[in-house]
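Each chain carries a letter (A, B, C and D) given by its place in the written order, and its residues are counted from 1.
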Amino acid sequence: MENPLDPGASISARLVEAGRRLERRGWSLGTSGNFSAVVSEDPLRLAITASGVDKASLSEKDIVEVDENARLVRGDGRPSAEAHLHVAVVKARGAGAVLHTHSVWTTVLTDATEAGEISIRGYEMLKGLAGVQTHEHEESVPILENAQDMPKLAGNLEGILAKRPGAHAFLLRRHGLYTWGRDLPEAVRHAEILEFLFEVVGRSRSLGRD
Amino acid sequence: MENPLDPGASISARLVEAGRRLERRGWSLGTSGNFSAVVSEDPLRLAITASGVDKASLSEKDIVEVDENARLVRGDGRPSAEAHLHVAVVKARGAGAVLHTHSVWTTVLTDATEAGEISIRGYEMLKGLAGVQTHEHEESVPILENAQDMPKLAGNLEGILAKRPGAHAFLLRRHGLYTWGRDLPEAVRHAEILEFLFEVVGRSRSLGRD
Amino acid sequence: MENPLDPGASISARLVEAGRRLERRGWSLGTSGNFSAVVSEDPLRLAITASGVDKASLSEKDIVEVDENARLVRGDGRPSAEAHLHVAVVKARGAGAVLHTHSVWTTVLTDATEAGEISIRGYEMLKGLAGVQTHEHEESVPILENAQDMPKLAGNLEGILAKRPGAHAFLLRRHGLYTWGRDLPEAVRHAEILEFLFEVVGRSRSLGRD
Amino acid sequence: MENPLDPGASISARLVEAGRRLERRGWSLGTSGNFSAVVSEDPLRLAITASGVDKASLSEKDIVEVDENARLVRGDGRPSAEAHLHVAVVKARGAGAVLHTHSVWTTVLTDATEAGEISIRGYEMLKGLAGVQTHEHEESVPILENAQDMPKLAGNLEGILAKRPGAHAFLLRRHGLYTWGRDLPEAVRHAEILEFLFEVVGRSRSLGRD
């Protein structure tokens, strides 16, 4: 993403740039990860990366459009089954973009953590999350158990998001991170901040910090 | 590999792109690694990187062609001695492409593991392996003892592949990973997935997980 | 920064190149980090990255100018609140450029260190710091407690810099590194040297070295 | 180094490509590292990177030429004080190129190792070292104590190289790696192989392997 803030580019072009940036950071290998942005709110339409697409060679033809039930309404290709989670986040949070990264550190940490959440506090980087004013903020990121029944998982997610109105993200166990923002640049910023912080947590544990 | 799925490029051009991508990921330093794709099935012909080629500057002139006995039939340069292993995989699995990466983590883990295999289970990333439908899948990757007698090693490999029809890959101890796919994009996807997962296993062990 | 030494480029262009280089190294994710260079000494004018700017897509329009009180005097955008720290460093050290990076390792180490400083000695890389003639040099990098009241933090910093005239840098706890130089290339060199050395310290601790 | 084997490029151009590649790999930050290649054998002339040059922006104007006593004979800029070590290696080994990298892992390992050498054996990657035929090879890399008196250090080095005719490299403690080859591509290959293997050794130790 040379310039994710460029207001002149199409939503598809901006999704491609965002996806390629996250892939370059190593967070979307082997066709993992999926990325979406809201095209219209009423009726709800999301541009989203198609299932099984290689993110290193992502192009606009790999972006499809889904409706409020995560059904394909435009483009060639199958929307990812995880489109249900993207739609659930957009509905619950009014997000303009949703990004799912799949990094080594979030995979390692959700495997190594027994609890249903990972809390991060005291780091300056937290101030980059929307609405956070101080490094003393504690961000508690819920961990959902991974599952293949996406509509059911989306239902669980709706419950979690309703109970945690302040959460900026959630994790799927041994799977990865979902975060979002009011627009794509904010969502990219949140992804970079949270992936950075989970790497900090992981490396701190390797130094014997809990 | 800007677009490993591009059906218009020649097999050599696509092998070059695949090799350069894997090199950029740090999995093919110091002329290590070798990469092949099937040119014809009958008679069997494999395009394969020549021995001793620098992968960061890989070009089509570095691709040679071998027959079903791993003998050079086209191009300048010596086929890698490991061409015997590529041929054995193609025959056993009907693969369209075979990739051998040589990463730090597979080297570390095959040294640190006494057993004859490394099992990986419970990770979403496993679903990217062909035919795998759920993260609950257990992938058992056999470790072969390294050797310099390639025809003999190829014989051992044939035995292992026959006994493990579901395996998507194998490791050579203190040496690296071999994986394959029905075509080059699938083989690249498998390489990225498995290298990702071995990094997860390695970093998890550094956190004290077994 | 293809050539940070290029005397023909404008200060803004050189700041952009420096910022993009540090971002590529992974030390300025999620709009973190800020970078400045002196435009004039009397009256004091600093070119500095605006607040909240994505460093991967940094361009000259993202550079603003501030005065000796860190107030905006030119450009669109808000100067970072941390401009107060940049000004304090310029006044205390006569620096020509100040760079604030925000890396995983400085975040991890300032969290894991109880003391008010991290001392580094015996490494050849230290010789790249201005005025250091031997690897036997000991560089003691003070750690300031992080805070959101920037004028107050700038005051604390002035005290620390006055007490430690030989220091080439300081750390903010769970936040990152500040370093500087007589010009931008020297500041970039110092940032690379210190980030390298903190990674060395961090990885040494993960091997059980204190 | 897009193609270090390209016989058509000048020695300076090839040194620039080699240096930029090693910098991209993270082994030459903050102006550290220096790289040389033999221009003529009689009289002995080495092209070598000038002292204090930023390797990310390395260009042909940064390459100078020295004689058999490491004195400047051509170009603008001061040859690195370490040119004495390059000359000593060329004389002792008949090398065509000498590369000095300065990586995190060689710095960490030479600090963490009490002994005067690090031995590496059993890895396939060793076969990429000139003359090595099997992974069962043991490469013993001597560690010299770092010093600022370069002619004296060069004298110590001559003694070590005479005693260890099979060594492909040496380390300076808390400083970095020197390796060489009959030509620049071989030297680059050796640098990549040895940096890879030291990373393997370092990460293995972080898993509790000695």
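Here is the rule we go by: a residue touches a chain if its C-beta (ideal position, glycine included) is under 8 Å from a C-beta of that chain, and two chains touch if they have at least 3 such contacts.
Note that this is a predicted model, so its numbers are computed, not measured.
Asker: Work out which chains are contact partners of both chain A and chain C.
Answerer: Common neighbours, chain A/chain C: none found.
Asker: Through how few touching steps can chain A be joined to chain D?
Answerer: The fewest touching-chain steps linking chain A to chain D number 2.
Asker: Same or different for chain B and chain D, when you check if over half of the residue numbers at their contact belong to both copies?
Answerer: On the two sides of the chain D and chain B interface, the residue numbers are mostly different, under half being shared.
Asker: So what's the Cα centroid distance for chain B and chain C, whole Å?
Answerer: Centre-to-centre distance between chain B and chain C: 43 Å.
Asker: Could you work out how far the Cα centre of chain C sits from that of chain D, in whole Å?
Answerer: 31
Asker: Show the residues in chain B shared as contacts by 2 or more other chains, in ascending order.
Answerer: 206
Asker: Can you give me every chain pair that touches, using the contact definition above?
Answerer: Taking the chains two at a time, the touching pairs are A-B, A-C, B-D, C-D.
Asker: Quick one: in the complex, what on chain D touches chain B?
Answerer: 1-5, 21, 122-125, 128, 133-135, 185, 188-190, 192-193, 195-196, 199-200, 203-204, 206-207, 209
Asker: What residues of chain B sit close enough to touch chain D in their complex?
Answerer: 29-32, 54, 56-57, 59, 102, 104-105, 107-108, 111-112, 146, 148, 172, 174-176, 202, 205-206
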